[in-house]
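Read through the structures below before going on.
There are two complexes below, and they share subunit A, which is joined by subunit B in the first and by subunit C in the second.
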Partner chain A sequence: MAMTDQAPRFVNRADQKLWFERIPAPWWALAVVLLFLPVVANNFWLFQVMGWTFILGMIGLSLMFLAGYGGMVSLLQMSIAGMAGYMVAILGNSGTVTVSLGLAWWIVLPAAFLIAALFATISGALAVRTEGIYTIMITLAIAAAFFYFTRQNYTIFNGYSGFNLVLPPQLFGVNWRDPVPFYYLSLALAALSYGAVVYVSRSPFGLALQGVRDNPRRMAALGFNVTAHRVAAYALASVFASAGGILLVWQNAQIAPGTIGMSAAIDVLVVAVVGGMRRPLGPFIGAFIYVILQVFSPDILGFFGFSADRFKLIIGLGFLAIVLFSPDGVLGLWDRWRARRRQQQDQKTGGGVA
Partner chain B sequence: MDDIIKRNPLRSLIIAILIAVFLWLVFAPWPPELVAKWGRKQIFLNALLGGITLGALYFLVAAGFTLIFGLMRVVNLAHGSLFLLGGYLGYEIASLTGSWFIAFPVVFLVVGLLGLLMQRFIFSKMEGEELRQTLVSIGISIVLADLMLWLWGGQSYSILAPGFLTGPMELPIINSINASTGATNWLRYPAVRVWILIAAIVIGVAMWLVLNRTALGMLIRAGVDDREMLAASGVRIQLVFLAVFGFGAGLAGMAGIIGGTFQSLSPGEDTRFLLASLVVVIVGGMGSIVGAALGSLIIGVTEQMGFVYAPTYSVVFTFLIMAAVLAFRPQGLLGARR
Partner chain C sequence: MNAPVTPPRPVALGQSHVSAGNALELRGITKMFGALAAISDVTLSVRPGERRAVLGSNGAGKTTLFNCITGDFLPTAGLIRFFGEDVTLFPPHERIRRGLRRTYQISSLFAGLSVIDNVYLACRGVSRNRFSLIRPRRDDALVHAAETLVEAVHLTAEKDRLVGELAYGQQRQLEIALALSGAPRFILFDEPAAGLSPTERRDLVSILTTLPSHIGYIIIEHDMDVALRVVESVTMMHNGRIFKEGRPEEIEDDPEVQELYLGGGHE
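And then the complex of A and B:
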């Protein structure tokens, strides 16, 4: 820290905490739990539940970044993730040898990120032509068009059946589809994406983006290029979505139009809204709730005498309840609960504002 | 009209030539060279007419969507679900009573009532919170889609049209001329589709008349332009909202019966028609009935033409039209800039 060297010597030591001291204790606990989870959890939990949570969380995070900091609710993020996943299948190896090019992984992965980013930038440039709720309509239309296109087109996207046997490269002699390596891979990428969003949200670009969200006119008057900031946000968000999409392909070992269908696009929105779109943690919480519900819905529904197929009904009703009663998601509920508890404590002790 | 032609002579000429070519393509028998290049004329005519009738169906769905959006600023993403629900209900009623026609008023009332309830108890509670309303409508569409899957299962349904509507009818358009006998082959086209097209035109004209020639229409247009001012001048705007929402929902429900008659009903059709309404409204302009008609026509014909002449890329054409409109005229072809 360069600032510390020039700071006066008599600064109160309490203000000069090191960076790791400033991270609150619950975060350390969470990190320890996540790092040592493979010791206690079985493969199903590691691969299916947690792996899927991280993947869905990362795609949701890209939506949260756009919606929370940019004010643009994009239903396109699943399509961008799907585009990256499709590119991995098309450029790399898959069971469909007639289409897949079989290039080396160090070409495939950057190319997948690049093409997905290009797709996001072009769609974003279209979407930012209008504002507010129009964004939802346009991104939904683009997402649907991409879905129908992948389903119809056999020369590039192999139509209805898509690609199967899409496996991650055997880097460093590790099979990255084994539960434990896959868990750590997805955890690392999710943590990186989370850190990147937190970092960007405090960077000049992130602050300008939040300014654009709150008052585009004033930001334009201040000399900021509003459109460029919005398009750049789409491009940046595509990186997190692409990472999630590539992991998703490796986890399922296949990709088909169903992966990026309308319900999948809306699921990403559900995940982000249920978790809370104000903070980057929200999508991961939402994803965890979603995955837990999906995985255990047969048991829960069976307990109440319903068929296991009614999972979507639970998701829909839960989503409606969240939107109707707590628009800022589960995190919002948590914040309000904490605020109320603090108030009650203050009343007891008669103390001032904590 | 004269004025426009005088101001843009070149553009008018190009448009006139295009119209003439189009009319010739439709009405004249095709010379063999053209047939060799594009295939038989019947394929072209079928694609064109199919596109126009599909556009008529899109119009019925999108008209309610665009009215609701224009007046209330509610992007009702459950509109496709109302369409599918109307179709399923119409199927049940038609097979219960045996009458195709009874299904229409009943479905209009039931689905319209559902729309009324949605507006009264959900959307009016969060007026002005556009994003939240949209999210709620997504939630409703998820719930409705799953309820319908529960009740009607995953198979596809088809509603039978009454007897006098089935079978083909001859249209005054030359299909081909028999080279040896010289006899004219008139185009035969399913009667039900022709009647649907006529019905859509009648409904569209009626909506236009109500909007432009009646007191209620005046209120609605005033509400589209400036909702606050209308409310401030003493109009009970919530009632106008209810009427429009109910009408739009009922219209989507009736369109569901029509969609079930000339195509089929199955899970997934709701998102298909929601997407169609979105694209139609984006292309035509938000909140404009005439825009919805124009957009439906363009999208319907493009979709069918693409489907016939370039099957694997037909979606791309629709998308390109939308992208082009967004790039050059973000408010839509006939949308007002707000």
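And then the complex of A and C:
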């Protein structure tokens, strides 16, 4: 890390390596697997399973950024993603020509990010004056209000039916909705978002946000404007949610109030909690587990003679188990398992901390 | 019998009887919690570079006084000037940016961050680019400042450890490093010696007495051996009021003070 390796006498060899040498081997393996997945995986896996995992992971990542670093649990992230998705449909092209403005993609995309950021900033400004359960309540209330608004407003949001035939622009002559291009597009955006969160977590703003999480009163006593930092965190997190929301609209080729309903809002929370909210990788792991369960549970449930609708039951039970046994998610389980194994090895070899 | 030593208070607060030369000037500070006056009518002035102890039994209002000075509480009545500027209604961070610092009686740190990150945040809080998304470079001036401070409070060996894992005494030392960050002009120490071992107390006295002479402070401390060795003036508080001010040796020998504070004799 850039700032923990300063004093000369504590510099060890790991810090003198180049940046790519410091990335551990498992990460390289994961990168190779993800990059060459289209060679072996079929379109269903690339487009449905992995595409959806990256999208849900990015929206979960925006929640992880707020909750894990800022201590603010927001149920609003799906609405922010939905706002960006809606803006792409409304400002750009869709099957609903009476509403959609049909502007060029280079206007539509920045505008979608900006409007979603504005929505997040205003909602954040309302939510950050509360703590804990009240933050959850306020963000839930805003999410519910936005859901009902989109369902009842026909002049802008086209009400119950929403928008269909929302397609990505044909940039560089590529149809980005084809499985392989879409896979790489969502992989690239997910990797960028992940990298951005990791990088920002060690920046002055990211550290300050973690300070606000640990001790807001002391942060004020150190000269920080705590409220401004919290609101800014909402604005920054909206970027990751918006990217996920825009990909979601392109993947489904449609958006409707159901996309941003209460169950979708709670799914984002489930994804982040199951994966683990302490680290940016957590939401992606949670999203992968969620998508795999969602996609394959009908077959398994059918095999045992249950209705496929019972998929939510499996998710719910898994969520309960995680919350009960590993409040920091699957990543937390993994960390503890590794720590215990290292301890056992130390005892066997008789060595201390190597 | 015990006439307060405080000078008569000018009534019209708008008139500038305040000598701009004072680091900290409190006039008529009162803080009510419901019907209870935690502090009432406290008037106090401290010169730049002056070191003063505020003594008094538990519940005398010492920490409430600190909370009013830093802006954690707004006083019910009264005026606070910091280097001549009226900061009575300023939010805490604005006061801190003007050079006021404090430590907390119960360590108030960032348990999920490392020692160096705690101090770095303290340095960053009083400088520009608090919202920067760019990671600091290896030769960043604030990173160096943070390391110097970590060394000043003898924590270099622990700098990458999470603060939540530190021993109690080390957390107290870190508290002081946080208060020394940036360019402090005046520091409020709230019982810095509480819970420290005799050795750690000696360290604390040496840290306090070697502070640059332009930095003044007020220290709340129950340990007279620490308090009276690091200050040049003492203010005694009782039941939310100031009842005596003087030099350390005067206070130490004062029979009333001994009656009220040092010995038993609580009413």
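Just so it is clear, the second predicted complex is superposed on the first by the 338 of 354 C-alpha atoms of A that agree within 3 Å, B and C clash if a C-alpha of one lies under 4 Å from a C-alpha of the other, contacts with A are read in each partner's own complex, and residues count from 1 in each chain.
What we mean here is this: contacts are C-beta pairs under 8 Å (C-beta built on N, C-alpha and C of every residue); 3 or more make two chains touch, one makes a residue touch a chain.
Quick caveat: nothing in here was measured; it's all calculated off a predicted structure.
Asks: A:Leu281 contacts which: subunit B (first), subunit C (second), both, neither?
Replies: neither
Asks: If you stack the two complexes on chain A, which partner ends up touching A:Phe205: first (subunit B), second (subunit C), both, or neither?
Replies: In the superposition, A:Phe205 contacts subunit C only.
Asks: Does subunit B (first) or subunit C (second) touch A:Val273, or do both, or does neither?
Replies: first
Asks: Going by the contact rule set out at the top, does A:Arg310 touch subunit B (first), subunit C (second), both, or neither?
Replies: It touches subunit B, and subunit C stays clear.
Asks: Figure out whether A:Leu76 sits in contact with subunit B (first) or subunit C (second), or with both, or with neither.
Replies: neither
Asks: Please work out whether A:Ala220 is in contact with subunit B alone, subunit C alone, both, or neither, and reply first, second, both or neither.
Replies: So A:Ala220 only meets subunit C here.
Asks: If we overlay the two complexes on their shared chain A, which of subunit B and subunit C does A:Gly132 touch? Say first, second, both or neither.
Replies: first
Asks: Where does A:Val231 make contact in the superposed view: on subunit B (first), on subunit C (second), on both, or on neither?
Replies: Neither subunit B nor subunit C is touched by A:Val231.
Asks: Determine, under the contact definition given at the top, whether A:Ala264 touches first (subunit B), second (subunit C), both, or neither.
Replies: neither
Asks: Share the list of subunit A residues that count as touching for subunit B in one structure and for subunit C in the other.
Replies: none
Asks: Using the touch rule from the top, collect the residues of subunit A that touch subunit B in their complex.
Replies: 73, 126, 129-130, 132-134, 136-138, 140-142, 144-145, 148-149, 152-155, 262-263, 266, 269-270, 273, 309-310, 312-313, 315-317, 319-320, 323-324, 327
Asks: Tell me, which parts of subunit C touch subunit A in their complex?
Replies: Residues in contact with subunit A: 70, 72, 91-93, 96-97, 102, 104, 108-114, 116-118, 120-122, 124-126, 129-138, 140, 143-144, 147, 156, 159-160, 178, 181-182.
Asks: Help me check something: in the complex, which residues belonging to subunit A touch subunit C?
Replies: Contact set of subunit A toward subunit C: 2-7, 10, 199-200, 202-208, 210-211, 213-215, 217-226, 228-229, 232, 236.
Asks: What residues of subunit B sit close enough to touch subunit A in their complex?
Replies: 73, 75, 77, 122, 129-132, 134-136, 138-140, 142-143, 145-147, 149-150, 271, 275, 278-279, 281-282, 286, 311-316, 318-319, 322-323, 326-327, 330
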